Structure formats: C-alpha cells, structure tokens
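Okay, got some structures for you below.
Two complexes are shown next, each including chain A; its partner changes from chain B in the first to chain C in the second.
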Partner chain A sequence: MTSEAATPTALSIDEDTVLAQIAATLRELPDAGLEDAEISRETLFHDDLELESIDLVTLAGLLREQYGERVNLALFIADLELDEIIALTVGRLADYVTASLRATEEN
Partner chain B sequence: MAKTPTGDITTHVQELRAGAAGEGEPPVVVLVHGLLTDSLASYYFTLGPALSAAGMDTVMYDLRGHGRTDRPRTGYRLEHFVEDLALLLDALGEHRPVHLVGNSFGGTVAAGFAAWHPDRTATLTMIESEPPVATWATHIADGLAHARRDLVHDQAIEWIKERYGAHTARLSRTAARILETTTLAEDVPAGRLIDDDLSALRCPLLAVFGADSGLSAQVPELEAKVAQCRTVVLPDQGHSVLVEQPGRTRDLVLDWVREHHARRSGAWAGAAG
Partner chain C sequence: MSRFLLVAPPLTGHINPLVAVAAELTARGHQVEWCGYADRIRDAAGPTAVVHECALPEAGELLRPPTLTGPAAFRFLWEAFFIPLAEAMAPAVASAVHAFRPDAAVTDQHAVAGALVCERLGVPYLTSASTSAELIDPLADLPKVAAWLTGRLDALREAIGDPAATHDPRFSPYGVLAFTGRELLGDAAALPWERVHLVGPAIADRPGDPDFPWDALDPSRELVFVSLGTANTDAGARFLHEAAGALELLADRVQGVVADPGGQLTDPPPGILVRPYVPQLELLGRARAVVSHGGHNTVCEALWHGLPLVVAPIRDDQPIVARQVAEAGAGIRVRFGRVDAPKLAEALRTVLDDTGGHRTAAAAIGRSLRVAGGRQAAADHLEQLVTAHPAAAAGR
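For the complex of A and B:
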C-alpha cells in the first residue's frame, strides 16, 4: 500500500485504534471461531481465545498484510520466554504493533 | 498464507528467505514438525526467524492432516509424508540439497526422506526422534493406540482442560479429530521402513535428545551405525526439547548447518552473529 491515506502518520497511531484493529482481525481469523468473542487489552491469546499456535501464524500473515514488514509477529514471539507467550495479552501485542509503527515513523 | 499443490493435496508452506546474504549461495533448511498436536508454528516462533536472520533460506510446512494443510481421509504411511516433501520442494523449485531438521515424528519423516532421496539431502537433524526402523513402528503403533483410546471421550478432554488448561484441551481436540476422521493411526506404523543397520542414512546426522525422555537410549546405536554422527543429550530435559529449549536447539542447528554448508560449498560464511 503506497497511498497517503493508508500510511499511518505519527499522530494517527494510538493504542486504542491499534487494539480495535487487532480485535477486528482476530474476529475474522479463519477457523478460530472468534466471530463473537469479547476482546479487550487483558484478553489472553492462550487461555481466553484458546488460539492454537497455527492460528498465530495466520495472524502474523494478516498483521503483515495490514501493517507491512515492520510488524513481525514471528520475531516478536521468538524473543519471548515460554511463560511470557502463555501470558500474552491482546494489549501487549497492540503495544508492540504501536511501538513498531511509531519506530518506523521516527526513522 | 501460502498454499501449494503437492500431488493430491494442498500444502500450507511458510518460507523465510535468507535475511542477510553471506558469500555464495545460501543453504536451505527444511523444518519438519511432529504428529497430531503439532504444526509448523512450533518452528515459526522458534528456529525459523533465527535461521533466516543467519542467512539461511528456511522452509516450514504443515504435514498432511495437520495445521492448515489438507486432511485427506487416507494416505498416512511414512512414504506419503516423504513424497509430499519431495513434491513440495519440486513445487518451490528447490534443487539444492536440503538441510533437514525434524522434531519427533518429523525427524522420522526427515530420515525417510534422507534415505529415499539421498541426492536431495545435505544433512539430517533429528530432535527427539527415531529413524523409521521396526522398533520405531512398534513404539508409534503403541503411542497412537494409546492416544486414540484416551482422546476420543469428551470427558477426557474436559479432564485435560481442568488439569492443563483450555489451550492444551483444544490441541487435544484437534488430535482427536485427526484420529477420528482419518486412517492415520493405522497407516503410520504400517508404512515403509529402512533396514535396522541404518545403512540407508548416508548423510551427516545430528541427533538431539532430552536425557529424561527415554529416546536417548538410541545414542550408542546411532553412533555405531551412522558414519558421520553427532549426538547431543540435554540434561534434565524431557521430550519437548524444541519448545522448552528453543535457544539451545537454535544454536545447535545453526552451528551444524554452518559447518556442513561451509564444507560443501567452500567459501560460504553466512551472516555474522
């Protein structure tokens, strides 16, 4: 995507917008059964959404389509310890996405 | 999500191209996951990004019946899994000999590929695996019969949910669905084997075990039978080596592939770090 409107500016990037975008992406995730799921910052990927790790691979692809290469879920998760992955919340992912987008803006 | 036709099924594949070019052609590493509860995700969030960052072309895919690859009702003998991999490499236009890494049953598939496609195999890494010999067939038949008996009851899944949490319960339901809707449990132990002398394994072998899993008892036999064999036994570690020690596993695989790729191609140095 190269149009001006599709490229978020520093001002347009806030955690709430990103959180809403991620929640929408999760509800549309194929085979995950999350169409009607309640999703907040505190929602756990592992125990609340019951996502299988293969669903996270699909999510990684969708986030890359949405935000570009700067959002790399594989690298983000590869850097986490196993107990951190189990405790991963939607809010923490939203913070990572927001930070990645802002870092790109500043460069 | 990339879906690639491989014979009568469509295979879900994720490729990570070499992130930093070294000298000459990079090595290609193919990662093969385990049975029933496993998928390419086990690599996607562990070894995959590190191998690609180190200058290696990395291929991850879901085995038939698993993850987002098709799940036909029949056709789960070892030779089907091995042929899928050969067809996948054809579909990707991959003609370099590949460095295979297999976890658990994935290591058995990788060993089958190394035995039956020696010209396409550079090295073989087996993590908590057995080669496809007669004793393996007995072990896997017992394991699958056990899983089928335990997982088909809803009460069992509920018990798993209470004891191990919702995520493990979901994985167990997936495993139960595979066992209920396919002939996998009968097919896997009935497939083609290699001779007990392991003479079919002619490429360099790295075998990694957890000391507490029981499979490490194979070490003396592997070292005696495979000419170029390196074994590593991780202390205080059970079967889940890849998931519980991703950093250690990554370092072992990186060193192994670097060393053997340099030997094969001379100049290649890969990316630093």
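For the complex of A and C:
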C-alpha cells in the first residue's frame, strides 16, 4: 500500500479526492456532530473526532456503499492492534482506501 | 442457610446491584460477606456489612484524565486498573474464602480476582455483569484487540488462577447474573443463554436525602433529571454547562434537576436545581426524561420508570449502552464532547414529545425489566447453584 507501487494508471486515483470523500462521509455520520469539523490527514479518529470503535464499523459500511466491494475497511480494522487503533488517523484510512482502489484498478 | 461471598471492585455502579442481591439473600436467612473495599461497600450496603478488605493497587482508585476516552481509555482501564486491581485483590479473596468458607460466590465481571481465585480454590461462582456491554462481544470486529485482552487475562490466570482453566474469566462457567434486559441488548447478542441470566436491574433501597428541596419542584413543568453518574465528576464540566444551557432554553416547559457531585456548575441559570447528591430513584419517579452519560445502572433505572433518555456517552461501556438505548427506540444518543445547548435542547424536545414514540419504547422496556425478577431472581439462581454443588464448601 505504498505510493512506490503506484503505476501511471493507478495515479488516476487521487489521494486528496479520497481524503475529501472520507472527510465528507465522516461529516455526515449520523449524530456524530461533525458537520463543521476540520478534518485533515493528521486528524485522529478517536482523540480529535471523538468517534468510538463502533463508529469505525459504521464508517466501514458507508465506504462499502460508496466504493463497493473494492474497499473492505472492516478487514483493515480487524487487522489493527490496539495501539494502532488508538493512533488511527483519517490519513491512514485514506491511504488504505486509495491503495484498495488502485489495487483493483491495476487488476 | 448458605454462605455467599460477594466480590466487588471499588466502583459504585458495580457494587449497587450486589447490594440489592445481598439484602435479598440476607432476608432469606443466608449469610453474606463481602470482599472488596469497606468504605465503598458500606456507603451503599450500610454500616453493618461484613467486608474482607482488599489492598488497593499501587495507583489507587480509578482516576483518569477527562480527555482519556475511546480505545486509549480501554487500554488504561485494563492495563492500569483492572489487571493491577485483580493482583491487589487476590490475596484478600483467598483469605476470605478460607475464613468464611462460602458455599458460593458472586464475583463482579471486572473484579477478575474473584473469578480466578474461586476457580483455583474450587468455589462455585456466578459472574455479576453490571453492564450489558460485555454481553454483545464488543471486540468481535477487533480481533487483535480481543487477543490483547485475552493475553493479559491469561497472564493473570497464571499468577492467581487455575492455569489449567480455559474459559474467559469474565463469564463464569457456572453462570452469569446480568442486571439488564433482553430488550436493551437487542438482537445482536449471541449468548450462551442457558447460563446467562438476564435478571434486570437489582435495585436496592438507598438512603434518601432528607434535605432535598422537594418544594422547589414546579408541578406545572416537566422534570428532566441530568446525571453523569459517580465516576466522571471531573470530565463533565463542559457538558453540564451545555446541559444547563439546554434546560434554560426549555425553561418554559421543563424544570431541570442536575446531579453535580463535582461542583462543576458554579453559576447555574435560575430555576434549575443543582445538587451534589440527589435521591435518584425518588426523582425518577417524578421525572419525564433523563439526560445521562449512559451508565448502565442509571439507564436501567430510567427505563424501569418508563423514562426516555438523551444519552451522552463518555467512554468504556457507555457508547455501547447508548447505542442499545437508541436502537431500542427509547432515547437519542448525542456526542458528549461536541453537543451544545441548542442541540441538546432539540434532543430533549424530541424525547419529551410523546408522538415520537421514545416514551412508549422506554415504558415497554421498563415493563420487561420489572418482570425479569431482579434481586429475587438473582437470589434464586444463587440458591440453585448451591443446591447443584452441595459439597463445595466441605473440601476447604
């Protein structure tokens, strides 16, 4: 999932666009109160957005609706250690989504 | 007559259901002794409770900075509190078993020393689950986090339990007394139902408050009770101020009573009653809605009274309890750290509006909690446990 793996074709998937899409999805999370939240790559999922682990599961469902089977965030979350979940940033989620989209585009 | 040992951590919400069970067992002629922390237990159970005193872990009682929430709070809770607590409590649990020779024990789900020492010494025990959150396998989507916790519990078992045992010490193989209800758990729970007993809340008589100014309550307005429980006093300042603001916005139709044990509301708007301690059950009997952090006991007591809730979970099991309330249709979840007075007022308006169905759903859950049996059902299960294992005390 590193950028070195990206081919010219894969570059058509723009990291900034993915980040913006995820930020928009987070702002629309039901009852999360994030309508006006500033969301950047460095934004911490838990400490900055005050979202809970169960919100990650909700987000996984929403991203699946948005991107289809190509993006399986639940699988990504299931592979995280406790310390990684504590330190999870929106950027890391965006990287995973971008990499997933590129991987399917290459195939 | 049987002897029952109750093992509890120094957390009020975990002690309270056991106080009711202890009273029921005593009323039936059984002998009850506690293992835990006498100050906390006697505050709730009265001055005559017999307590085998445990040492506190080096770090003392559970103190967390207000900002510690989410998975970081989870890590802290286990690594820095529940595990050291179990190590600190284990010697006293063992000596209580040797001195009191209980026929059976009830061990709080998070005072893990109770379960592990009982398994080592062969005492049959039921788990006391004071929250619905552990029953739904909350770490199912986070297998590496679940493995992290299992690793720590395994190490603890090596030190103070029976290393040959393999079950999760938070769920006794003899059975679980869960002080909650099926309607709150929802359909998500896949439980070993034959040994998980959903007995509903076990509510003990609590000391009243002779000084509470009942005359100050205005019968022409709807009473809304606001409480963040006993364990979050320093985390609540911002939220309580927003809550006071919301109550002020609704002042024409709502009167707020705010429990503020930490003295955070220094300058409350007029017409709102702010008290460090409140006669919660009596207030709930008069209230129309509750604003809560999602502590399981307060939530169940509100539902018991058929009251809809606005739930603002802070951490731990509270987000799960809040979601259960919302999914059961009995309330609205708001974000503790983000909600402001206008949004909180809007949520309150919604649950107070009976056409929205929140009160109907809360009342239905309340009825089911009332028939779940509570303290009597819990005592029945404990008596059956002793009947099924009659010789347990003989070998010790």
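Just so we're on the same page, the second predicted complex is superposed on the first by the 95 of 107 C-alpha atoms of A that agree within 3 Å, B and C clash if a C-alpha of one lies under 4 Å from a C-alpha of the other, contacts with A are read in each partner's own complex, and residues count from 1 in each chain.
In this text, contacts are C-beta pairs under 8 Å (C-beta built on N, C-alpha and C of every residue); 3 or more make two chains touch, one makes a residue touch a chain.
Remember, predicted model here, so these are calculated numbers, not experimental data.
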Inset, instruction - Could you look at A:Leu75 and tell me whether it touches chain B, chain C, both or neither (first, second, both, neither)? - result: first
Inset, instruction - Name the contact category of A:Ile54: first (chain B only), second (chain C only), both, or neither. - result: both
Inset, instruction - Classify the contacts of A:His46 with the two partner chains as first (chain B alone), second (chain C alone), both, or neither. - result: both
Inset, instruction - Pick one for A:Ala32: touches chain B only (first), chain C only (second), both, or neither. - result: second
Inset, instruction - Enumerate the residues of chain A that count as touching chain B in its complex and touching chain C in the other. - result: 31, 46-47, 50-54, 56-57, 74, 77-78, 82, 85-86
Legend entry - Residues of chain C touching chain A in the complex: 67, 69-72, 74-75, 138, 141-145, 148, 313, 319-320, 323, 332-339, 343
Inset, instruction - Report the residues of chain B in contact with chain A in the complex, numbered from low to high. - result: 1, 14, 16, 39-42, 44-46, 48-50, 62, 67-68, 165-167, 169-171, 174, 243-244, 246
Legend entry - Residues on chain A engaged by chain C in the complex (per definition of touch): 31-34, 46-47, 50-54, 56-57, 74, 77-83, 85-86
Legend entry - Interface residues, chain A side, partner chain B - complex: 31, 46-47, 50-54, 56-58, 60-61, 72, 74-75, 77-78, 82, 85-86
